[in-house]
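Next come two complexes, and both contain chain A; in the first it sits with chain B, in the second with chain C.
Presenting the complex of A and B:
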């Protein structure tokens, strides 16, 4: 995240600390939104709404946090994410800490791979001039 | 002045309970936006009577129409930096025995009473979540939990509002948005005038406190639910019915 536009990083930190009611100093690139910062499912929506407002962008449903995938029977069985689901997820979030997650790839643990850095990566890509 | 600098949106403010709500919130310092369906002149009169035209705004909006609702909410948010309190009050009755109830009477009531609550909650909840809190109060009815001849459509719509209220409250609580409902008994307004005229005394006999409520008495409980005094209340259906529901459950 340190290679990215400091403006994006600064705004993301503010947004996350406000949405999750945590001190800004706790928000680091590697913080997991769920494990370290205590995010619940509605917090993911809150973060998306705030990002949309601050960066004046539209974030289509499931583009940042792929929640739709989790209700798809092809990808998830009995709380476990199937190989096809994992492939999809890894395509969507290439920079996550997959090694750790793959030890126990359940829906319950999925929140662990959503990190602050992942949001910055997503925004940097989305706001890059070629993608505008 | 409990609501100074608060922005309040009341649906169906041109008459009855809605007008009492609008007045109450204006008196207590809020900036109040209210909607009406067709009573334009009546709505203008409500604004005039408060004597504070810079603090109260009437907007035509059919609560059944998602697009209209979103437009109204967008308009408000262009002017205001927050929307603190939403009161879903607009409602109708189309009473008649179920055996002869038309599909239209069923859907009009469901679309207005339940659909209106759905559209407005949908339109404001995103704002309330991102602003870090808000209060939603839905006007239900004591009939939701009782049986009432000739009101299958109305009772179904209000029962659904109660269920909606509890679940939405559970979803939004962590974002400090509270969602409650108020269930009036019989209130002196145009809506209840036919029933009062036909069975007034009979109904009064069944009300432990012995009389009907005035719209202002509903407004004062709504104002409490919208205030910081009610910070710790969410997902509740508060009956304001003179005890009507107690007696009927015996």
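Presenting the complex of A and C:
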């Protein structure tokens, strides 16, 4: 596991636990936002806004959660993610647990891929110049 | 050709909390028309819930259309980039004290 900035980890845990009304102890890097923590559609937007406010950054649509990719007809067909889409997703979220998802790569199951660690990774990269 | 169908549900309590926390940031996600729609209701969080549930229901019915939506008029959704294909959806909204449910069906 990467050496995350502990401030980033701490703030993300607080944000997720507040947004999803779950105990902080349940928010671990491997926790899936949907499967483990019960996130719904509105929660993803809530989390993005809270992250922007806390870290004083702008998160363009589709940068954290790949919604643009999912609306591209080249990558998605009848709710199923095509090989080209899987390739793009795996580039974007390389550390996700893809083995399970690949058994049934549908948009409906994609929420299981989004973990707390993914958010920490994203922020660590986005804030990297500021962390130096 | 298979029928397109999507449904989404949002808890009104959650939508109220979301609105209170983020009402100053709505313009970073929603279009001006969507924001106008949200504020048409004396309880703006209810229209916010309807809008979000509609985006999600449409996305589930037809993922390629994503979230390029504009404001409601009555129970029909007007899409920002309207094409004959995108017009072929009917939305039904159900609301009670606890939830907003939106159903989107390809017609």
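Just so it is clear, the second predicted complex is superposed on the first by the 127 of 132 C-alpha atoms of A that agree within 3 Å, B and C clash if a C-alpha of one lies under 4 Å from a C-alpha of the other, contacts with A are read in each partner's own complex, and residues count from 1 in each chain.
Rule of thumb we're sticking to: a residue touches a chain if its C-beta (ideal position, glycine included) is under 8 Å from a C-beta of that chain, and two chains touch if they have at least 3 such contacts.
Predicted model, so just to flag it, every value in this text is computed and none were measured.
In the superposition on chain A, A:128 contacts neither chain B nor chain C.
Once chain A of one complex is fitted onto chain A of the other, the partner contacts of A:76 are limited to chain C, with no touch recorded for chain B.
When both complexes are overlaid on chain A, the residue A:45 reaches chain B and chain C alike.
In the superposition on chain A, no contact is made by A:84 with either chain B or chain C. When the two structures are aligned on the shared chain, A:102 is found in touch with neither chain B nor chain C. Of the two partner chains, chain C is the only one touched by A:61; chain B is not. Annotation for chain A, partner touching more residues between chain B and chain C: C.
In the superposition on the C-alpha atoms of chain A, the part of chain A touched by chain B in one complex and by chain C in the other spans residues 40, 42-43, 45-46, 49-50, 53. Contact residues of chain A toward chain B in the complex are 18, 40, 42-43, 45-46, 49-50, 53. Put simply, chain C touches chain A in their complex at residues 2, 8, 10, 14-15, 18, 21-22, 25, 28-29, 49, 52-53, 55-56, 59-60, 63-68.
On the side of chain A, the complex with chain C involves touching residues 40-43, 45-46, 49-50, 52-53, 58, 61, 67-68, 70-73, 76, 78-79, 107-108. By the touch criterion stated above, chain B contacts chain A in their complex at residues 126, 129-130, 132, 171-172, 174-175.
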